[in-house]
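Quick heads-up: structures coming right below.
Next come two complexes built around subunit A: one with subunit B, the other with subunit C.
Now for the complex of A and B:
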């Protein structure tokens, strides 16, 4: 690190000059911080001053910049010096805005600012500018697995943007479930009548497009590599295999309809007049606009009832607990088939909650009512198959009546099951139990398993709130009903979005840039293999499957799969994993740079000055702290906050080091974990919480109280709560006393 | 008309709904109800009805013909228009209630001693006589609507109000002798006759 030359710049604007002794800060930066150039400026962010910093970089050889001003989240563009490491010392949101402007508070506030300057100067010493590995070149070839309406739409959209696409379809024709529909729910104004399913049009577009290759009767038998260099074995039914390279993959493997045979109470299978929704599509296709006849005796149907939520939204065993999203609109559409071909036919929909998502959903519902489809709020209990007519027994929830209704036909609105392949997180089967083999979709050659990770009910995992397309396997995007229950119109939107994300992945990986949420990040972890003990923690814990193992059990890193969260760095017990600008040292040395006051045991009037370390997730907790500052919500002056990429990147050595250096408490702030996770790296917060649950052993060894380390799940909106959590820790320390480890 | 009252309506079929659509004023709106219940929750008299509007609409769809038409519910409507204002589907609920009441009366299915129905008939008879509302006669008829004894009781109770109105010239005792009238009474009656013919023709056309 001999060639580092630090320039430290301290802003006096926004009240910093009045509230802080900036001369003292400057002397700390040039003294302890060893900054070669150190300056105070009235308004650091104005262009002329920024230009002066750039001049220092260009002419004076400054290659590490410390900005003592506002939060790293403010004025990002102004202080973005290329090819130089910048540490933003948060004196505004992090210090003066969270402290009272009083004479008594002044000393502690100044100490806070001084520590942050020390930390900033230390951090840049352990950073170097990231540069792309140039591991990848661009591969503008996209693979779409699944030739349903989602896959077809993705392929067409990507080819329009100038990318080569290959579609792999398991069956002998494209179209999927949408291709089996007589008509589809309308996607355009006035949302009044069913419209053509659109598959013929898509088929024509694909066959006329020389950029799209279609493999029918084929599956992916092996997928290896990483974004930008996926290598995929495509095997046809007859067994011949070709290997192709792709830049990104879209998995549009769709859904399987729920097996209505599991609903004997509704007489499915006992009479052909009880059908599921796809069964009715077949009848409608056969009738082709003439009155629909029932399968048992060919009689024209005069009254039909649709039972919504058949075997779904139910907690009964073997039923689906979730709503499949499309079935209400589908039943409305199918009731129209009856009404349009035979206005005298009574078509009724038996529902508990009618849900018609999408812009035109309500209009479509109204259109059906206008056409005379009736809607009865009730719960079906049983269907009794008869010779001539069948009886539905249901409870009318409006009139509170038990009703027996004779009908010609019954349609069951059953749900959808995602085709998501192998559940790689499933616990191993108990010995002796019969395991039903599940066919893998992608056959990934990843250490973590053959298919995409699932969240709940078998749907593939993606960050629902912030970036729904981004899955846990970078460069592989799931789209359509394999991701969550959805209808055709939503699947088309989803397919388009996934195509755009896949294109982004192709381009980003070629440049060595990360995908969301650290989009554009060039830094990547490097592994000091000579120190590695092959413990496999990094390969197991990586939420994105970026790290495989080589034959000897060493981690084999795939840069373009990586999302740069640092969970591997937090996992490594021997600390051999580091990023150029984020490492065990870049944070660890900051912790050690803080001045921990040693109590003067002779002075009985000495006020205790504890130190609390807070490691805050940069995605939610740190912005929330900034917002707390903007709202002038005060917190303890004894806290020193360090933003981390993800709580998952927190190496327990930081906690141990902090406690060893005399810190009195440690607060870790991450995102919500579990089924409704908000963690931007999916598993980071969960892993961090698990690791911290084991920190008690360390505390016991150090003879410290376990209350000194607290880990919390917080949200970006917790601007009142987070300062409170910090103050709670200050209070705890007041109660249990300062750490005995101050030397 | 009589045979319809005895026609068996199959439950949960659309025949009664069609009947309502054809014969009840604004009846074609009934099918558009989405059973949200806002009307029932908004009705100031809701708790006193046998069936709030939402339930009546469901009963129509369920084919409960007799229960709907002999119900006193629609007669309870005070035309406050809360339901119309609040209905998310913009159903003219107040009008449908009056339409149902009217249709029930046409079929002779009004519950016995229905006070609203009685007063409505008094009002109509009073108005169509001279083309003007004769308040003195209407008031007396209303007092004696439920029998002679009750009429006397009511009159005695109201005598101070009546005498004061006479004193201040707000009510003329000569109204009892025929009362004031519009200029062209003959034309007015001819107009009503024509309207009745049109109405009857409409009913005949729907076969109800």
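Now for the complex of A and C:
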């Protein structure tokens, strides 16, 4: 710390000069804050002034910069000095804009500003500029697990950008389910007729591409390492294993069709004339453009009905509750097979909601109507297999009628089940129950489990609407129907998107940069192993599986898997985990830097000046507070707010230290937790709530009321609510009195 | 200014909504030089006007915050706002692009202190709120606007207000002499992320959007939920500002209809299902929502959300294409007329408010692209074929929900990278 040299720069613009005693702020920065250079500026963010700061950095050895001006969210580019640590003291949105401009309010507002200056000067003292570790390696080789249309597309698209790719395919050929299709739903205008399934073309591209290697009859039997240095065991059916290194991984393990044998009510298995959609593709392939014949007796099919949502969108046991997305357009396509080869064939689709969204989808639906395919809104109840014809019993929802329809053939539009491997979040099996072992897809040697975390119904989708590739295993991206039910057109986009993210993971891990959402962050946690008690909390709680355990039970950290959220830092009971620019000290010392006034017990007229610590998630709560400032929504002057990377990074020591130093209340602001969690670090808010529930013991020990610590789930839109929550705490303190722990 | 600020290894992204931001960021975070051009004064596009996303019911501004932070921190990415592309010539790997930048009348000095807005008086329709209210002639488009810089409406230029704004600014940020500029760029690949616009509901004459105050669009309904929006976060009837508790949602308003938009706009079913939760959020059991639909297209796992809404006894579903709307005399209640096709019952249902689930129309008319772009008959840009260096991202390519638009935009970023890598001399 000997070589830190602080420059503190205080802005007088935007009303700061009028509202605050900036001379006093300057003297605090240079005195208590020990700033070597301290200046007040009328207009700090103007280029010429910014250049002067840069000159101090270049010529005067300033390597820690304190900017006493607006929020860190404003004028970011102006104050983004490279290779120094910057603390943005939020005097504008965080102080003058949330306080009334009155004489009575002046003193408390000034105290607020002074504390924030103290905090900023303290923070930079405990920060050092982050720099990448030396453990990075560049590996421009991408692994694609699964050789269906998704995997093939990912491989081709990545290779077109100049990367090497290996595809591992379990079966003896590439193509997957798409390869079994007679034709596919069109992907180009006029979206009128089925088109070639495209697999031959992809196969040709792959065999002609020297950058793509294909392993058939192979699976991944072990995956270890991290982005930039994954090591994967590839094992063939015969048992021989080779180990290869990869920079990133795409899992395109596809889906398994729903087992139509679970639908005896539709006579599947009772007559070969009831088929599922893949069964029909086979018949269409065999017919190859001639009229499709029914399997039982080879008679040309003259009437066929497609039963949509067979075993899907249903809460019956063994059925799928979700919609598989592609089946409406697949049935439309298959109905066209019949109409195109035999215009006299009656082809009808029995549906409840016909789902062909988008421009191409609706065009294709209309094209089928033009071709004479009929659509009936109804619910199939039963299929009775007959000797000559088969009877479909259904409720016609339009005519409100029970109908028995005799047909030659029935096609069941059944759904898809993701090939997502082991459900790592499944509760342990009950004792005595027989568990059917699930084969792992990736065989990750991560502490958190062998496969990718699942979102819902076994699909491995990202949890976020705006970030479909926000993976929970850095450098590993799932694509295609394993991620979410989808049709071929979407799978092709998804395969390309995942290839984009995989390439990005390769490039950034090589530079030591974090992946989304802290993209580009070079800071990473270091572990002071001599203090570690092997309690394993950090390895268990890491939401991204970044930390393994070595043979002795010590945490074994993988930088490029890490997303830099600090959950490990919050977890560590002995506080041996810290980032260069974000640590137990960089926050803890700020808390201690705040001036907690000691009441004068002899003065009966003394006004209580409580102190409230607020730790606010920097992604949602802090911006909401900023916007409260922008809209001049006021809150208590007794609060001191510190943004945190994630509420999961909050170490309880900060809370107990604050209470021990005489703070009267603590408010923690995190994101929504639970099923629809909004925390981009998965469980930060949830973990914080749990940890804070344990703080009650501390409060009891200190003889403090439990109301003094409050943890809230907030959203970025809570611009009016958050100031209210802070004021609620101020009110609570007014009611229960200030803390007795002020010395 | 005519300045070359890019090379044929750069990628141009046109449109700064969530798809454009995504395409630009994904490429820039892969080390590519990217220029993002946006027509309006700030990034964010349509999603910045939404209250919540389906099916998670989380707030779009949360993702906006992450994306703005990514943009601020990324030195490979340059954002040009209030700019439109006039001309593109050349081929994949080497395009010459001409861009016209409209004057903002506010320069980089702006600290977003808001003094100019305090000083001016004239008010203009507020685009961010679909003109449901007014904003000042000096304004920050919305709370989360990036760049966080004010704008002067060109309507105040030459008036006293302009001088007042200039006088109020202590940072010399108001530049009333700012002129339209042309910027020439050389880029290797182009991504069209030009997005969508709501179908003009006034075209659907039987629904009377232009005649009845209490018939509004789904995008306007979203704005009502914003605490800082035109109604302060309340669901109010435009005719009398009374709380609207019995709300009808009409699906396929302008979509799946050969008179208007032939295509299915994909998002509207889920959007209306989502909006029924807004009714519940405000009025609990006092709120009633009725959805008039053809098919409920809650595709894939959205089905879970549909099931959840179906379980709400205050939400009912009527399978019907509403024939027409009339206004009840005295009350101003819109009355929906039609036939429930499940059972063929005629109905004449009065509601407090009607929300038209309007369709998605490509923002750029297919005839108006400044270069040849292959679109389908609906105006969406077709999938790339052959050796083009131009790609669509997001809703320029199809009617997509946010998740799919971002998926598509991420794919487009790779397609653009392939082009610039192919033409760049440096080895990958």
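Of note:
Note that in this section the second predicted complex is superposed on the first by the 737 of 743 C-alpha atoms of A that agree within 3 Å, B and C clash if a C-alpha of one lies under 4 Å from a C-alpha of the other, contacts with A are read in each partner's own complex, and residues count from 1 in each chain.
Simple rule for what comes next: a residue touches a chain if its C-beta (ideal position, glycine included) is under 8 Å from a C-beta of that chain, and two chains touch if they have at least 3 such contacts.
Since this is a predicted model, take the numbers as computed values, not measurements.
On the superposed subunit A, the positions of subunit B and subunit C overlap enough to count as a clash. By the touch criterion defined above, A:303 reaches subunit B but does not reach subunit C.
Of the two partner chains placed by superposition, A:733 touches none, neither subunit B nor subunit C.
Of the two partner chains placed by superposition, only subunit C is touched by A:80; subunit B is not. After overlaying the two complexes on the shared chain, residue contacts for A:348 are found with subunit B alone; subunit C is out of touch.
In the superposition on chain A, contact is made by A:376 with subunit B only, not with subunit C. Shared-chain residue A:398: touches subunit B and subunit C both.
Of the two partner chains, neither subunit B nor subunit C is touched by A:639.
By the touch criterion stated above, A:323 is placed in contact with subunit C alone, subunit B being left untouched. In the overlay built on the shared chain, the residue A:177 is in contact with neither subunit B nor subunit C.
Touching more residues of subunit A than its counterpart among subunit B and subunit C is C.
Note on the chain A alignment: of 4-12, 40-48 or 130-138, the part of subunit B that runs into subunit C is 40-48.
Comparing which residues of subunit A touch subunit B with which touch subunit C, the overlap comprises 354, 366, 377, 398.
Subunit B makes touch with subunit A in their complex at residues 11-14, 17, 31-32, 34-35, 54-55, 58-59, 61-62, 64, 89. Per the touch definition, subunit C reaches subunit A in the complex via residues 18, 22, 25-26, 29-31, 47, 51, 53-54, 56-63, 65-67, 70, 72-74, 108-109, 111-114, 140, 143-144, 148, 170-171, 226-228, 256, 262-266, 295-304, 307, 319, 341-344, 376-378, 380, 382-383, 385, 398-400, 402-404, 406-408, 410-411, 413-415, 417-418, 421-422, 427-428. The residues of subunit A lying in touch with subunit B in their complex are 303, 346, 348, 354, 365-366, 369-370, 372, 374-377, 396, 398-399, 401, 403, 405.
Subunit A meets subunit C in the complex at residues 13-15, 43, 45-47, 70, 73-77, 80, 140, 157-158, 160-163, 187-191, 313, 321-325, 353-363, 366, 377, 397-398, 400, 456-457, 459, 461, 463-469, 484-486, 490, 493-494, 496-497, 499-501, 503-504, 507-508, 516-517, 519-520, 619-620, 623, 627, 630-631, 671-672, 676, 678, 680, 715-717, 719-720.
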